[in-house]
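Order as written gives the chain letters A, B and C; numbering starts at 1 within each chain.
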Amino acid sequence: MSPEQLADHVANLPLIDHHVHGVHRGPLGRAGFEQLITESDRPVPPWMSTFDSQLGLAIRRYCAPLLDLDPHASAEDYLAARAKLDEASLSQLFLGASGVSDYLVDTGYQGDAVTGVDELARLSDAHAHEVVRLESELEYVVSHESTVTAVPDAFVRRLEQRTAGAVGLKSIVAYRHGFDFDPAEPSSADVLTALDRWYASGETGRVTDPVLLRWLLWTGVRRGLPLQLHVGFGDTDLQLRSADPLLLTEWLRQIEPLGTQVVLLHCYPFHREAGYLAHVFPHVSFDLGLTTMYVGARAAAVLAEGLELAPFAKLLYSSDAFGPAELHFLGATLWRRAVSSVLGGFVEQGDWSEVDAARVATLWGRENAARLYGIG
Amino acid sequence: MSPEQLADHVANLPLIDHHVHGVHRGPLGRAGFEQLITESDRPVPPWMSTFDSQLGLAIRRYCAPLLDLDPHASAEDYLAARAKLDEASLSQLFLGASGVSDYLVDTGYQGDAVTGVDELARLSDAHAHEVVRLESELEYVVSHESTVTAVPDAFVRRLEQRTAGAVGLKSIVAYRHGFDFDPAEPSSADVLTALDRWYASGETGRVTDPVLLRWLLWTGVRRGLPLQLHVGFGDTDLQLRSADPLLLTEWLRQIEPLGTQVVLLHCYPFHREAGYLAHVFPHVSFDLGLTTMYVGARAAAVLAEGLELAPFAKLLYSSDAFGPAELHFLGATLWRRAVSSVLGGFVEQGDWSEVDAARVATLWGRENAARLYGIG
Amino acid sequence: MSPEQLADHVANLPLIDHHVHGVHRGPLGRAGFEQLITESDRPVPPWMSTFDSQLGLAIRRYCAPLLDLDPHASAEDYLAARAKLDEASLSQLFLGASGVSDYLVDTGYQGDAVTGVDELARLSDAHAHEVVRLESELEYVVSHESTVTAVPDAFVRRLEQRTAGAVGLKSIVAYRHGFDFDPAEPSSADVLTALDRWYASGETGRVTDPVLLRWLLWTGVRRGLPLQLHVGFGDTDLQLRSADPLLLTEWLRQIEPLGTQVVLLHCYPFHREAGYLAHVFPHVSFDLGLTTMYVGARAAAVLAEGLELAPFAKLLYSSDAFGPAELHFLGATLWRRAVSSVLGGFVEQGDWSEVDAARVATLWGRENAARLYGIG
């Protein structure tokens, strides 16, 4: 196998994007687009543009040619060309170019603003599978159930029903509380007390109680499907220090006997810590989704750090794209470029063979997810 | 624009060194010089030299030619050549070669040992502006005011007067307590109680009380000038773990409505964390000053990590030089080399255009600071 | 000095492996071998192999040729070729090829499973010196001493006797408790109370009491020999967050007047933090042992991060190999490759001279350890 064959192999690998959201519905003006290419939820200050970022330059570099523009076209030209197509055409264009065979869709975040599982499958001509978010399901149950004591059973039934065709679960405990929670499974009495407190507060929109959040985690683990956890950076509504996956160590020990696989998502800047956990715990895998896209020209450097301690069977690919279909495409494109560069670099420096590099790329981009989620 | 034109552009960019100290007064022997090229305040052990470090090698590589020595001249030859010039000539030589148009001078540290704002301007033939250190001003007020209840108003007046011509404020709460402080603004009663305790202790030389330190921060924020915070590594008198800027997250949220810009200085090894904060909070910028100089041949690698999540409007240049004018020169020289290497590398790998690279270098080295501090 | 001469110099430098364990006794099947090339103590899941890791690929790349196989031979072929030799022949082969002049052997971990100091010297034809583990010695004393009040004196006597010919001490407080311990020296009364509690528990196999662990540290420091501390990643029995060396800052300040040198081992992913401590504290050195081996093709990238703040007099080489003699060889081989690449890179980019690069390599691989331990 030659270096060119290795690059070709990575460029054409049908990826499993094991953690993604839907694509945006309806037209997007400049302000709307700029707000969707940053993790900040604050208005963009008038003295800056979110295009002036690694992600912004990556859009101008890699997405512009799909709109028949030169690479590095200006943000203005890019948005003008984009505005000539409707969102469905844009989605088909970018999803089609991403080379993804399967999307695993987290439907629990702003489900109304973006396409659902079936619509994503249709637009992309790929397979799409659902990942069910634990917190959203509890909030749904609570909004429909007035009796506190009925909630635990109702939640288990709801989860059963919602996951009948799903391939995984997701938790955003990192956002709602952080990983510095008591690792032990809460007792039924503790759960009821916490539910009582929550109902009494009159604010049952968002679950933030640490007892309930860890009850969700344990219930999710008992369900048995792979459990995805948001880890590391994300939007403004986060204490990044509490999203360090090392805080999960004792909880990972306690759930290990139950046999459920845990997947750490994104992880930046704690991706080396994630690699350590994946090294020592058989039931831990991780990805650098979201990260790969946001660090743009630095993707190879960051992905390489994830390839230090991690066993190669524990690496997964995701985009974590949400909104503009450019992001679904960029996640894949930047991952391919970075993986070619990193693994090709190992070959060039004499440490790896091309055959091993190609095999690791396949594990990372596809086979590990196929095994973990039982798909493909 | 060719790669050479990009390199030329960065090499000739007039920098705004937005956080710097004065240059040393009077002659420096070997021991004195060695002690000023380390952050350690401990005597250098007899079995080592601080020249055996990235900074030491950078001095021998980049400063030696300005003294008509070959690059990599020995430390002995370097110091001998240096000793032939007086400090004013050395300062003019190295400041003149740094290509800095504006210095923003923190006058609050060992003001007697180094030149002040005007003298730095004269020696460098550049503009110089003052940055006022909050802790020093409170210590000044306390040393002149015997009545505790008069201190709060006296401090506000003092700050008003001292900042009449200043462009920014600085806090070293990282050294005096760490960032693990209560983020809320203290009440007037709390401040008076803390002042009482401090006066009663009989040791009012250094403010270390966390209530007073955060009162200084809040008072600084209310003053409205950009507020610089020491972040990350520094001298021996520091708990580095408490200088992680993520500890500031909740405080940053609370001050956000006041509209004051906060600048995180140095940041190593928490520069990725600083980049995250600059990404999500519109009022946060940061630099890699001090770091760039100390990591020498590794400057490009470290600066590149700062260029991952950070919006390009949030990057600033500083040297944080203190003492030998070599450091003022090296801060600029190593930054130019590193930025050329990093941004040129993005161009070479096909991710950025030369035009974008030149524009980002200009934002980083000059324009962001000009906008933030209203200078240039 | 040419780049080739620099590479030759590093390739032929007689190393001091200042922290290592013995080589495995008796034959190793595939399962046994796979378990010794991971830090995880969990059974390897049936869907993965520990050969699919940076370390596994490094074994196939660099050890296979010593068994007359092609580089990148398959794991199956490698193990088949290995099985044709007995462990003594394998040890002589790999130890002989490592170019190590002196081994400093930590004898406190699974001493029965691996060779002792003298046997390692004989197999390698190198010098071997002992490093005595504090926790094991206390556990020995406690298993032979039924009277609590006799333990403190008995331990000091035991340590005196065991270290008569030793060159250093070692502590694994990172495993047994973490670095978040009270930094102060415990009183005699506190030690006796803790011993009482331990004896009363009936479980005196492993010392885990934080009072006793820090008494061991202080007693070790008072003994005066260089004290090695496990830092950063290791096996599953660790809270990695508590193995951050910055947690040692206050303890390092308190022991500084006693004049004992402290060596931080491995350090990943906290090696930049270790470099900072080595920068500011004259009595702190560190290595990237274990790390270098486990990160394989990434060794140069990781070692370079250790070369940022650290004075060059504070860098040490170790393999931390345990078990298969491949690891003793790989530690040295990957270090040589990485150091050539990193220091050669500094030369190539114009920052360092070849002569300085060669000198720093010699300090790092040999001379710093020779000075610190008084050997070679």
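Assume a contact is a pair of C-beta atoms (placed from the backbone, for glycine too) under 8 Å apart; a residue touches a chain by one contact, two chains touch by 3 or more.
Computed from a prediction, not measured in an experiment: that's the story for all the values here.
Participant: With chains as vertices joined when they touch, what's the shape: line, ring, star, complete or other?
Facilitator: complete
Participant: Over half of the interface residue numbers used by both chain B and chain C, so same, or under half, so different?
Facilitator: Because under half of the interface numbers appear in both copies, chain C and chain B meet with different residues.
Participant: So chain A and chain C are the same sequence; what rotation in degrees superposes their CA atoms, nearest 5?
Facilitator: Fitting chain A to chain C on C-alpha positions yields an angle of 120 degrees.
Participant: Calculate how many whole Å lie between the centre of chain B and the centre of chain C, each centre taken as the average of the chain's C-alpha atoms.
Facilitator: Computed from C-alpha means, the inter-chain centre distance equals 37 Å.
Participant: Where does chain A touch two or more other chains at once, residue-wise?
Facilitator: none
Participant: Considering the complex alone, what residue numbers of chain B touch chain A?
Facilitator: On the chain B side, the touching residues are 244, 246-247, 249-250, 272-273, 276, 279-282, 304-305, 307-314, 346, 349-353, 355-356, 360, 363, 371.
Participant: Would you tell me which residues of chain A are touching chain B in their complex?
Facilitator: 38-45, 47-50, 52-54, 57-58, 61, 71-72, 233, 235-236, 239-241, 268-269, 294-298, 301-302, 341
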